[in-house]
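Heads up, the next two complexes both have subunit A, just with different partners, subunit B and then subunit C.
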Partner chain A sequence: MTLSIRNLRLSFGKTEILRGIDLDLEMGDCLALVGESGAGKSTLGLSVMGLSRGSASGEICFKGRSLFGISAEEFRELRGAEMAMVFQNVEDALDPVQRIADQIAEAIKVHSSSTRARDASRLAVRHLSNVGLNKDKAGMYPHQLSGGEKQRALIAMALVNDPDLLILDEPTASLDALTKADIIELLRSAIVGRMCMVITHDLSLAASLAERMAVLYAGRIMEMGRTEEILKGPRHPYTRGLIRSYPAMDATKDLQGILGQMVHGLPGCPFHQRCTQRIDICSLEVPKQTEKEGRIIACHRGGIVPLLEIKALSLTLDCYPVLRDLNISLCEGETVALVGESGSGKTSLSKAIMGLYEPDRGAVILEGRRVEKRDSAFYSRVQMIFQNPRESVSHRMNVLNAVIEPLLVQKKGSHEQRLQRAKKVLSMVELPIDDDFLKRYPHQLSGGEVQRVAIARALALGPKLLIADEPTSALDPSVQAKILKLLMNLQDRMGLAILFITHDIALARKISDRMAVMQSGRIVEEGATNQLLSHPSHPYTRRLVDCASGRYDGGNGDIILDRDVAELIAEPGDQSALEKYC
Partner chain B sequence: MHIDALGEISHDPLAKAGALMLVVIAGLAIFAPLLSGYSPHDYTGNIFSPPDRDHPLGTDSMGQDIWARLLYGARTSLLVAGAVALISSSLSVLVGASAALVGGLYERLCMRIIDALISLPTIIVMILVAAYLRPSLPLLILLISLFSWPGGARIIRSQVLSLKQRMHINASRTFGAGKGHIISKHIIPDLSPIICALMMQDARRAVFMEAGLAFLGVSDPTVISWGKMMNQALAFTYLDVWQWWLVPIGLALSATLIGISFLSFSLETALDPRLRREESTEESISVARLA
Partner chain C sequence: MNTNNKFGPRDRPTVRASDGLASEAHPGVGMASKLAGLFPSSLVNYMIALAAIFSLNFILPRLMPGDPLQAIYGQEALVVMSDEMEAQLIRQLSLDKSWWDQLLAYVLGVLQGDLGFSYYYREQVSQVILGALPWTLLLTGLALVLATAIGLILGIESGYARGSSLDRGLVAGLMFLGGFPDFFIGILLLLIFAVSLQVLPISGATSPYAGHEGLAHIVDVLKHLALPLSSMILVQLGGIFLLARNTIVTLLEESFILAARAKGCPERCIKYAHAGRNCLLPLTTATGLRIPQLLTGALFIEIVFSYPGVGSLLNTAIDARDYPLIQGILLVITLTVLTANFLVDMLYSRLDPRVRYAH
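Presenting the complex of A and B:
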């Protein structure tokens, strides 16, 4: 074990910036520290380097030696020689009145007094050429270099004494994509055989450099594990929020931020104020880090909670099998798009979940409990938005009555409280709450307004899961965009899980995290939306994606007929037919 | 689609005419003591006297004032109409809606009973029953109601069956609403125009039936009825009295029936947009023009 950090705490005055960090780094490991600004990433790096002010406690063990309690002089010898840091701000890290080569030669001389000045300069020039700066550049002053070149110089400076621990603080911030690619290439070779910590908020950099990743929030590690796995399937709500707000090239869903601001020094879980799945204990106790399948998560609820699971659901209507052994699951705050042509059973599934149809077999599991009877508790967790708002809102009810209806049905609160709640949900869906509007009838409203009223109705009971059955198919595209934005905002705010039923793949692509493709009452393919759309594996999915992208000939000149695919799907066991087709 | 039935029919001239007729008849019935100096049971002494100042429609074979009897006969007709409409439509809603909502064996049982009742020859059974029991006004009302609710129950059942599948009712169910809430907040309000139409149909049939039965002699002897008066008048067709005895009564009866018919016709048109021929053609023409 060459670097181990145990229960590291650090505070500036009364504010605790690091609240018990546990980390281990082996030789050859590269760990990315990610998190939003102020999370304590740089402070952690600086405290390992012994450069942070503030009072620290805990233990940092570097190559078997505790770094707490060693003298400033000893620390100075370690720095540069055995551990080095590439600082964030390239403009400030270099001395503006010295040539680059001289600055590097100085770093060499500090750590080996025996080296002569000329040798040091020669070494410096060689190191600079190693990072791609030629002799001419080596003789220049920092202001004569571009940002990328300065970054290279800094990397060279960190590497001159061949340190075992390299800490990179935002090494590619403020670089353009091409320069960034060059620097990443350089860093990749630089970190080989060393312990490395990459401090960044750039997830793509973390993905390309580090095999492990730790997500920091307000001085605590929220999630730690293999980079690839975390980026593909975040388990902590904060990690998911971070990934959702990162504009990756392969992301298809619209960017979503995490609401609220980071506050240091909260009791309990540092993230609980912004977390949409918090429970009482979250504000009282700091969650312990638990390891499961190689992933460390600090969450009282064990990470993102699975909200709904449907197991082997079968439904027969009029002797015709509509759903056949269907499995699907949904997590808190997640949007799953259910796509497929009309008649594939999408709406029947939603109705079966809501209890409007009685399934023959199978289980609906909500928050870990099997739903036996759909009582008011179930309906206050799960709500539905119907396809045509003009039909789902009774034409005899004005806006107020329509929104109050669910509360009335569940006998929640006094009349005054219901009125307050109705006004609250109406303002959540961005509708006016003046008396004139409350007294209007559905036929006096526009399509978008009625759908908002329908959404407000569904929200009145404070559900966690929203089943949206083609909620925008009756609306024009600009109103549709507004409604979808609204749904995403509500998801951010309340952690709503949304089962979004649609036949519009392009639409599903923009709003869903995962996508499930349904055909003849079965889910034929399921996966992360971007993955599924870029590499559809099932022929039916491929056809759907092709047709949605305007390629009606299947890409190879053959026109795929519906019945061809239908025949293939009719006998899913018949692999040979599938292979022949593929 | 939102249909404001009352608003719709208030602009319909047909409905206005019907309502006017009914209001006049009802006015005659209510203000009968003021409109005539005689009691319908008074014997004036003059038989078959032609219309004059004392007797606007003359007197009948017993010397009773025909105008007074016409006014009080309207009371009977309207009482029967109202009572039957209430009883019969309540039964229709109760049985039809419960059959549709409960379903299963209960529904099948209800519908077979309705089939049986509809297939009975109404008039003959009624005459037999009324003849066997002593005919009285309450019995007549009950009998007419008993034979007019099954048709309505069928209509209500089919309406409730289709309403049950409506989205807003499904939406209400997804809030966890029970049957009570759905019936009182959704089904009854949605049924109300249909129930109105049903009541009018029942009322119209009741007026006609009461008059018809009385004409055939099935009637409470103490009750003044237009049907009975027409029967009496017909016995004297060889005299000229029918002109002021038979015709005014016939006109009053017709006015009542036509008034109710006009109203229900207009209501039906308002409720079923497919019946609005002219407007729909105009609309389709304008759509075609736009295209």
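Presenting the complex of A and C:
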């Protein structure tokens, strides 16, 4: 173990900035530290360098030496020689009144007093040329260099004594894309054979430099594992929030932020105030880090909770198989788009989940418990919104009655409380709550408003899962956009899981995290929306994507079927027919 | 005075040249710009200031009511002046000719070092001033250098150990000292060291008729210098110290200081090579602004210690209403201030590479 950090705590005054960090780095490892500003990333880097001003406790062990035990002078000798830090190129990370080469020569000279000044400058110039700055540039002052060149100089300064530990603090922030690419190239060669920590909020930088990643929040590591796996499948709600708010080139879903602000020094899990799946224990106890399949997660609920699981569900209607051995799952705060042509069984699935159809086989598991009967508890967790709001909201009920109805059915609260709740959900869907509006009837409202009323009604019981069956196909694009934004906001605020049933691939692309393609009662392909759309593997998916993108010439007119269906149609043993259909 | 050096490190003009610009601005430039680089373009500003001062000096006596000769030499001088002498002066100053000729005569005279004739000393004004100027320059120059150096070092140490007892003690003590007027401190020192303790001479620049030579002479001069110099330094110190200390405190938050620490620079190097070096910039600016104040301070101190400098001379000249001498002294003082400011400007552009291309 060359760098090991155990239970590192650091506080400035009464605020604890780092709350028990455990990390290990081996030679050749590169670990990215990501998180929002103020999460303690830089503080962690600085504490390893012994440059943090707060009072620290715990243990930092570097190459077998405890860094807390050594004297200030011994630490100084380590800094810059065995451990070095590349600073962010903002403000003045380089001394404005000294030449670049002199500043780098200084880094050499402070660690070897025997080196003569001339040799040190010669070495400095050579190191600068290694990072791509020629002799002319070496003689310049920082203000004469561009941002990229200054960053190069900072990198040269850190590498000049060949350190074993390299800490990069936002090394590419404030650089344009091309310069950033150059710098990443340079850094990639610089980190080889060293221990490296990359402090960044730039997930793409983390992905291109580090094979491991630790997500920091308010001084705690929330999730740690292989970068690629974390970015593909975040398990902690905070990690997912970070990824959702990062504008990656391959992301298709609209950006979503994490609600609220980071507060340091909260009891319990530091993230619990902003977490949509918090339970009582979250505010009381600090979650332990648990390792599962090479992923470390600190969450009382074991990470993002699977909300709904459907296992091997089969449904036959009038002797016709509608759903066949269907499996799908949905996590807290996740949108899964269920796409497919009409008649593929999408709506039947939603009805089967809601208990409107009784399945032949299979199980619906909600929050880890198999659903045996649809009681009021079930409906207060799962709600549905329908395609045509004018049909789904009774024309005999005014807005208030429509929204209050589920509360009345479930006999929840007093009249006052119900009225309060109704007003609250109406304001959540951005509708007015004055008496005049509450007394209006659906025919007095626009289509978009009625659909909002329907959503408010679905939210009245505070569900975790919303099944939305073509909720916007009856609305014009502008109203549709508003309703979808609203649903995504509700997802941010309440951690609502949404099963979004649609045949509109373009729409599904913008709102879903995952996509499941349904054909003839089964799911033929499922995956992260961006992956699935850019590399559809099933021919039916390809067809759907092609048609949605306006490429209609791909197919030859044959309907592409699932293998089981094709087997039914084709003559037994007729391989060519099978191949044709699949 | 060049406006660019009024900026401290916090609010400096942003002269971040992009790549292309930087390579253009760097070496390999022609002779012309090299020459221009030697003198800041603010040189023109100094020329204008100089011309304004000369003109004022020329115009003011001539604008006064009555006889210009009377305005230039004063009532009393004219009373004892013979007609012959008066005629000679009128001829010399071209007072009988046109304004244009008068100006020409004046400028030519000034350029030749002719500032007029001191009636009181019965000598050329320039000669009188030249006799006193070295003492003043010695006193103020040393005070400037020493006060800046001591203030800087104390400021760096104090700012670096911000909040310590050293820091608090220095801030309180030097602010207390800085609150006194120059002459008060002078009188205080005089009473303590020269009158009560009698360890240092009470007045003058040298011991009269002692006939010291070589080293003994130098020691004698220094002995006489000690008290006026100390009082000037003590008064100057507070401002310089506070500026240096506060600059250091803000500089220590800068990221290049953190970067220097991360390099493994020892404390001394961070204090002086990085923070101290950058601290020189606002300090230089402030020094430039302090020079006039320093000179006026010297006038009082010289009078208190009967130091034979320009201050004492001015005092005598005013007492004797020796107008040519007063005018000459004022001219020399303004010239000194301008020169000092010019030197500070040059120094600043040496110290801060960013302003070299700012013009």
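Methods note: the second predicted complex is superposed on the first by the 551 of 582 C-alpha atoms of A that agree within 3 Å, B and C clash if a C-alpha of one lies under 4 Å from a C-alpha of the other, contacts with A are read in each partner's own complex, and residues count from 1 in each chain.
In this section, a residue touches a chain if its C-beta (ideal position, glycine included) is under 8 Å from a C-beta of that chain, and two chains touch if they have at least 3 such contacts.
Just so it is clear, the structure is predicted and the values come from calculations on it, not from any experiment.
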| item | value |
| --- | --- |
| Combined model on subunit A where subunit B meets subunit C, clash or fit | fit |
| Partner chain in contact with A:M49 - subunit B first, subunit C second, else both or neither | second |
| Contacts of A:Y441 with subunit B and subunit C, given as first, second, both or neither | first |
| Subunit B versus subunit C as contact partner of A:P237, first or second or both or neither | neither |
| Which superposed partner A:E391 touches (first subunit B, second subunit C, both, neither) | first |
| Degrees between the directions from subunit A toward subunit B and toward subunit C, using C-alpha centres, nearest 10 | 130 |
| Subunit B versus subunit C as contact partner of A:A93, first or second or both or neither | second |
| Partner chain(s) touched by A:P463 [first = subunit B, second = subunit C, both, neither] | neither |
| First, second, both or neither for A:M157, with subunit B first and subunit C second | second |
| Gap in Å between nearest CA atoms once subunit C and subunit B share a frame through chain A | 60 |
| For the subunit A and subunit B complex, residues of the former touching the latter | 351, 354-356, 374-376, 378-380, 383-384, 386-388, 390-396, 405-406, 408-410, 441-443, 454, 457, 461 |
| Subunit A contact footprint on subunit C (complex, rising order) | 9, 12, 15-19, 22-23, 25-27, 254-256, 258-266, 269, 273-274, 277-278, 281, 351-354 |
| Subunit A residues touching subunit C - in the complex, by the definition given at the top | 46, 49, 51, 76-81, 84-85, 87-88, 90-98, 106-107, 110-111, 136, 139-141, 143-146, 149, 154, 157-158 |
| Residue numbers on subunit B that touch subunit A, as the complex places them | 1-3, 166-168, 170-178, 181, 185-186, 189-190 |
